[in-house]
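Shared between the two complexes below is chain A, which pairs with chain B and chain C, respectively.
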Partner chain A sequence: MNPGFSAQVVLSRMQRAGLIVALVLITGWAVLFPMAVLQTLVAIVTVAYGAAIVFRVVLVWASTRGEHLIRVSDEEARAVADHDLPVYTVLVPAYREPAVIGQLMSHLGALEYPADKLEIILLLEEDDRETIDAAAAVVTGGHVRILVVPESQPKTKPKACNVGLEQATGEFVTIYDAEDVPDPLQLRRAVVALRRLGPSYVCLQAELGYFNVDQNRITKWFALEYATWFRSLLPGLVALRMPIPLGGTSNHFRARELRELGAWDPYNVTEDADLGIRLARSGYRVGVLDSVTLEEANSDFINWIKQRSRWYKGYLMTWLVHLRSPRATVRQLGWRGILCLNLFVGGTPLAALLNAVLWATTILWFLDRPPIMEEIFVPPFYYLGVICLVFGNATVIYLNVLSARTMDRPDLLGTALLSPGYWAMMSLAGAKAAWQLVFKPSYWEKTTHGLHLPKEAVDVG
Partner chain B sequence: MADVATVRLKAPPAVTVVVPTRNEADNVRPLVEQLHDALGTTPSEIVFVDDSDDHTPQVIRELSDRDPDGVRLLHRGAGERTGGLGGAVAAGLATARAPWVVVMDGDLQHPPATVPELLAAGQVDQADAVVASRYRTRGRVAGLGGAFRRIVSRASGTLARIFFPVRLRAVTDPMSGFFAVRRDALDTTALRPNGYKILLEVVVRGRMRQITEVPYTFRPRQAGESKASFREGLRYLRHLTLLRLGATRHPVSPLGRLAGFALAGAAGTGVNSAALWALGEAAGLPYLLAAFLAVQVAIVWNFAVIDNLVMPPGSVARRRRFGRFLLLNNTLTPIHLGLLYALVQLAGLHYLTANVLAIVVVFVLRYAVTSNWVYGAPAGAGGLVVAVRRAVATRLFLAVALTAVAFPALAAEVWDSLGNRGPGVPLMIPVAAAAALAASRIRPSGSEPDVHDRQVDGLLATAFLTAGTALLLLIPGDGRLIPAALSFLTGAAILLVGTRTVARLRWALLLPLLAVAGVAPAVRESVDAGIRAVVTLLGRPAGPASSGGGLVTAHHGTELLLPADQLPGLALAGGVACLLISAVVLFGPTARALRRAAVASLALAAVTVGAVLAVLLTGRLFGPAAFEVAGLPVCTDTVLALTVAVVVSRWSPAPAPVTAVRQYLPRGRFALAALVAMALVLLGSAR
Partner chain C sequence: MSVDVLTRTPAVLKKPFVFSAVVYLAMAVWFWHSDLVPGDSASRAANAWYTLFSRDPHLAAIGFVWNPLPSLILLPFLPLALIFPALTQQGLLVVLVSAALMTATVAVLHDVLRRSDVPRTARLVLTGAFALHPMIVIYSGNGMSEACFLLCLMLAVRALLIWLADGRAEQLVPLGLAIGLAYGARYEALAPVAAVPVLVFLTTFARTPGDRPRRIALARTDAVLAGLPGVLAVILWALAGKLIVGQWFATFSSQYGNSAQVSANATGIGSVTGDDLPGRIGYWFQQMIGLAPLFVLVLVAALVMAWRRRDPRILAAFTVLGSVLAFDALAFLSGTSFGWLRFHITVIPLTVLLAGHLIAARPRPAVVPVALAAALISIPATLITLGQPALAREESEWLTADGAARTRGLTLVNRQVAADLDAMALPEGAVLTDAAYAFGIVLASDHPRQFVITPDRDFAAAVADPAGHGVRYLLLSAQGAADAVRLRAAPTLAPVQSWHDARGGLQWSLIPVP
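Right after this comes the complex of A and B.
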């Protein structure tokens, strides 16, 4: 792939120079006119924040106007004769997950796809003997292959996927995580949908859901968030013809175009979101497929923070990578794409981070009313801030309540109303992401899976 | 059939059943049959320890001839029956070969069908011992004849639990003669059986940690005669006392050793003063010389106490131990004085406060060096210091201590509340409840994920420390001191023990908030009125009337008044709130929790009334000076705090067992240095 698109270096030389110059200018200015700088900063933050909220509302509104999920009924999916089906490659990267390999085999075995047209490649790391042994014990040959990825840096999921893609023989390629439970008809649906949509569509993102929604409050919040993401925000992006940041699993590609595009960036910790933007820059379109893959929702606070901080760090990386040559980006993505890149890809982690600052400011104001704050918030932006505080928060909570409706889970109403607790967790993850972006950009924060299982079966991976 | 038998003989026994018998000839055969039925294919051996004078040994010998590895006889003749029933069991335990040993009576009152349940419970709970209990819900005391015997049995069990509240916490039936123990956890040489119940002996002398119970129903006697008697009861009481004394000597737990060390030191201070008086006043030596000699006397005394009662004899010879102890303690005095000087001159503390600090530091130093150098056993004592340093409790204590340093105003407030009732709940009570609540949760349960992240710790701690500091410095106010201190404490604890441990202890950390927010002043009035009403209703020693809301008593005609604002109403209300919250935390929001909280609250109210009566009675009997002292809030509050702590710790489940995997503890050096610096800055800014 084009090294200009790689997150191996977070900031290009130009970006670094620009950042230093900007920082020097701002510092100098701040020393001379501290109040003006603070006022400007607050104004910019307030406007950006308001814009991000408006953008979300617009997305949800757009998603409700018309049908933007690609639906393939069970009959249509089964109607394709076996000999008409293309060879399909399923990549399953796994690292330190020996306990879930057995389950994985049964879930993949449930896929309704002829075995002679299905190629399953387990991507295991060379130093992970346990999982290799566990896999060797259950893989009986046939259409399932174990591919041991040779030891080399960076040791990330996208690197493994790239190795797997080189060996893949399928016309279509998809990725599942080891603990995923995909809809058995998903591959057939993807084939039918991609054939129906024509060559401009290179990728379909299937909807992700959770099988352990009711484990605790965190998994409930997480499920609501995913429902918002896949049923409102992504369809909204589709409706507005904007680029779609892909989710980590269950994205179905045409293999040839994916290879031409350079596949995944092994240095980006959310390679999928980055790939979504790159697809859009190449003029391809991405659809959202109405077929659910169930995943394990992260049920533990610290584990959740780790996972979320990796996502936020990846989004920030992706944002910075695609801002390297702004003119090319604008030309390729158009104004809609730029809006999405800034407000959605860059905006999500930044909003999480800013949320903490703004809430702290609000609390400080109510506790102490320091007079300096009256000076910092100049009137028009002050009123905008108040609107964000009152209507913005209400809107976001309302969107969560709406998701409880679309999930048909009225019992999640309380969880939806308690969302501010989830925002606090997001802020923490945002801070961690920002810290790591500066000090450990390529570090892959591994999430522990199997926390929904009884203790004996838990593996740490 | 013969083939099956040989196969069984080859397998080493998985369980040894020890059965003490005395004149039980009719019971032996059915017992063996029922045991074989119950155990099925589990390879087992049955050891009969027989103290009989009838033909019981012949019956057993017949069985043993048929199955020499499955049934063994240990006959003790008329002269060899040391230790009675307990001695018989101890002898049987010593010959047991299987990893698990079950002890049961030979009179068929212990159903053999319960044996597999005992073994299963031992495996599942990873226990050292499993007790078959008559008093667990499912168990029934059908076999004990007569209400009197039942009461005696229950009372002797309760007595044992009073003697060993911690070790027998999970045991409802310490008098049970029916139990299983893990062979490795058993130290047969330490047993000194005396009397009829060996279980206590095994648990206490074996210093067992993990004990569980299985319910069973005591069956009616099949044949033979019962042996429990009043004389046995008296012997039992004596035995219990000896056991308690023996178990208190040379404590195993680091905390127990530390406490013993501190007690010995406190007693040594008394000896020092007495010697100084004797040498200075009575013998008339110059006071410096007298002081020096008195210190030496105290050191000798301390060594005698510590060496005999507290520390385990290490690898060093006694003579050398004494030499090292003497040298160490004489070196520490100059260090103590130097530290005192530095704290007063450089840190600007008052010399009394500085002396307390210096005593603490020197004590810790003395303890560490004594256990390492004087009792320098390669594994025991050296590991002890490491264990203390690596203990979560130590880190939590450090967090609390740093909070006290950073918030001198709070410390002063607590100090004031000891002598005068302030506007809030005395902090002592929620803190006691919090400590009791934290004690059972200090180790993670098995289901807790072992996922930790230092960056999360750092970020959360920063948020909490910033919030605490901001509350303290930017937004001063009376009600904000405790939230600020708690915020600081939370941040410090997160840095020192990690987010997950703090999350596990969250309720304990939140309880002190009660002191500021939990109990409204209106409550105080009504609770005070209630206490007043009950105390006056009870009459003497309280005077017949109360004037201005206070309580009056008289001593030789002088009227003594406990003013209305010194009544412990708010302390009681705070204690009840603590009990309620703790019950809900421990049992969930259930009716059971409410019931327990209600019962405990009534007990606490009774304790409060009792304390007030005791204050008045003190005044009546000993006069105004004693009344002054007894009337100080610290006396009543301490009693209430202790009651609350005892109740909460009785409710708490036994802490999770110590596992081979060491509990996660973050590296804390830099964190500790940063926290100390921060606390000192806050201390400085408070001046």
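Right after this comes the complex of A and C.
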């Protein structure tokens, strides 16, 4: 792929130079006029934060106007004769997950797709003997094969996927995680939809849901968040013709275009979101397919923080990568894409990070009312900040209640109303992500899977 | 598949309600040109004005005695007053805005009738019966909060009607927001804040198939969607009031608030409306019959028809507008309200919409003319009522020659006070006055910063020690029952100037600070 799009180096030379110059200037200015710098900083943060909230509301609103999910009925999906189906490659990257391999085979076995047109490639790492052995014991069908990815740096999921894509023979390609339970008709639906949509669409993102929603409060929050993401925010992006940051699995590609584009960036820890932006920059479109893949919701606090901080770090990386040559990005993405890149890709992790700072400021204000704060918050931005604090929080809680209702899970009402607890977790993850972006940019926080299984069955590295 | 949302215009906006807009604009210009802009309107405009142009501009200056939406709506237009001072100094802006809001209300009402399947001709006649109802015309042009309130309520009716018809949870969002906004306009919205979630709960519970726990869970979620914005509006407004002026519900607890005004005027109110319950009920009936004589008939007929057809859509108007009507009736009958005619204003759209449902249910030659006549008869009935000062106490202050002279006289006195003070070329903060009464003077002045007014954060300190705060004069109202400056900054010297109305009644006096 084009090295200019790779996160191997997080900041390009120009970005680094620009950042240093900016920091020097700001520091100098701050020494001379500390109050003016603080006031400006608060003003910028407040406006950006307010814009991110407004953007979110606009997305939800846009998603409710008209139909933006691509629907293929069961009958339409089954109507395609077997000999008319293309060869489909399913990539399944796994690392240190011997416990879930057995289940994987039964879930993928449920896919309604002719075996002679289906190519399933398990992508396992050379040093992961346990999983290789576990897989070798269960892989039976001729259409499933194990591909051991040779040891090399960076050892990441996108690198493994690139290796798999080189050997893939399918016209279409998709990725599933080892613990995924895809809708059995998903491949057929994707084929029908992509043929119907024509060549400008090279990718479909299927909806992700969770099979262990009721395990604990974290999984409930997570499920609600995903429902909002796939039912409101992504369809909203589609409606407004903006780039779609892809999710980690169940994205269905035309293989040729994917290869031409350079496939996944092995250095980006959210290679999926990055690929979504790159697709948009190349003028391709992405649809959201009405077909659910069930995943395991992260049920453990520490594990959740690890996973989320990796996502946030990846979003920040993606944001920085695509701001390297701003003029080209503006030309390729247009103003809508730029809005999405800044308010959605950059905005999501930054808002999570800022939340903690802003809440701490609010609490400090009510406890102590330090007069310096009145000085820092200049009136128009102070009011904007109050509006964000009050209406922003209320709006997001309200949207979560709406999600609980539209996903037909009214039992999640309490979970929706308790959303601020989840935001506190997001803030922690945001802080960790920012720290890692500076000190360990390519480090891949492995998410442990199989936490929904009975204790003795879990065996993770 | 993917529809570009930006190219679609809601149907409501495509229909230009030019006719009612022209009538309302004419009414607004008449109120302004005749110097009859009511004090309630001027004070809402003044509240908005203080936040930007007073001596101590800050948002909290908008005040907590009256709900803020009618003032907030004015904020974006206030800078225009720097170019056209008449917008604020003579109250032109506030009447123009109420005319625009009432025009929008007519458009939404027309859309509600369309969605209730009222045939085209009947729909236009009914829209006319609302748009040209004398009370609607008057309150479109006088700048008071009725237009803003009716618009919010009508938007709530529309959203609730759509939800009752299609059951999509997304429709509960505009419903909830409209009710929340309605509370921003007037506190009577407490009634739909309570009533609508109950209706939503019962409806979802009744029409969802499945087992009982699931039906309850869905109904509860729907009720939260419909009710949360309204409940939050109530809580946040109370919280803001508590944090900034120390009172949860200033409308009820402030010395300037509604409750204080009603008790201060209890004898006066009682002498017109009757002191006891039977007297009040009689007065209330007279007012209701005066506004919509056949309301009860239309209500019963429409409910019976809806029940026969099992059509729940009628409950939209019935719940939203009916709950406000019931709230005001209870407030008046329990002796905690002024009993103004305008407190029953929701009966006007309610009668029109119920007549619409009746026609939609039975679009036959025997029914349609009767239903239309029942709605239209409200117009002559109201014209008669408005000619009776005992029933239309507020309205007669603008519509009768005597009343108009009184109202105009007060406006002119305010302007005279402002002009005389402006001529003295006083420095900033030289005149201490209670804005609850002096808002008209502050608004009319070319130098509003010469006043230290109630919302200023140093007001209390200035009242305690006027001289120490650079105050040179106290401007005292003669009539204000709770004038904080007159009551607390006890004047010792004789006034240097005083102002009287046309009948010689003392209105204002200016006392030097030693």
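One rule holds for everything that comes next: the second predicted complex is superposed on the first by the 459 of 461 C-alpha atoms of A that agree within 3 Å, B and C clash if a C-alpha of one lies under 4 Å from a C-alpha of the other, contacts with A are read in each partner's own complex, and residues count from 1 in each chain.
We take it that a residue touches a chain if its C-beta (ideal position, glycine included) is under 8 Å from a C-beta of that chain, and two chains touch if they have at least 3 such contacts.
Just so we're clear, the structure is a prediction, and the values are computed from it rather than from any experiment.
Of the two partner chains placed by superposition, A:G109 touches none, neither chain B nor chain C.
Once the two complexes are overlaid on the shared chain, A:G4 sits clear of chain B and of chain C alike. By the touch criterion stated above, A:P420 is placed in contact with neither chain B nor chain C.
Once chain A of one complex is fitted onto chain A of the other, the partner contacts of A:G142 are absent, as it touches neither chain B nor chain C. In the superposed pair of complexes, A:P326 makes contact with neither chain B nor chain C.
In the superposed model, A:Y383 lies in contact with chain C only, and not with chain B. Across the two superposed structures, the residue set of chain A contacted by chain B and also by chain C is empty.
Across the complex, chain C meets chain A through its residues 1-5, 8, 57-59, 169-170, 172-173, 176, 214, 217-218, 220-222, 224-225, 228-229, 232, 236. Residues 446-447, 449-453, 455-456, 459-460, 470-471, 474-475, 499-500, 503 of chain B are the ones that touch chain A when the two sit in their complex.
Residue ranges on chain A touching chain B, taken from their complex, read 300-303, 305-306, 309, 364, 367-368, 370, 428, 431-432, 435-436, 448, 451, 455, 458, 460. By the touch criterion stated above, chain A contacts chain C in their complex at residues 62, 64-68, 70, 197, 238-241, 379, 383, 390, 394, 398, 401-402, 404-406, 410-411, 413, 417.
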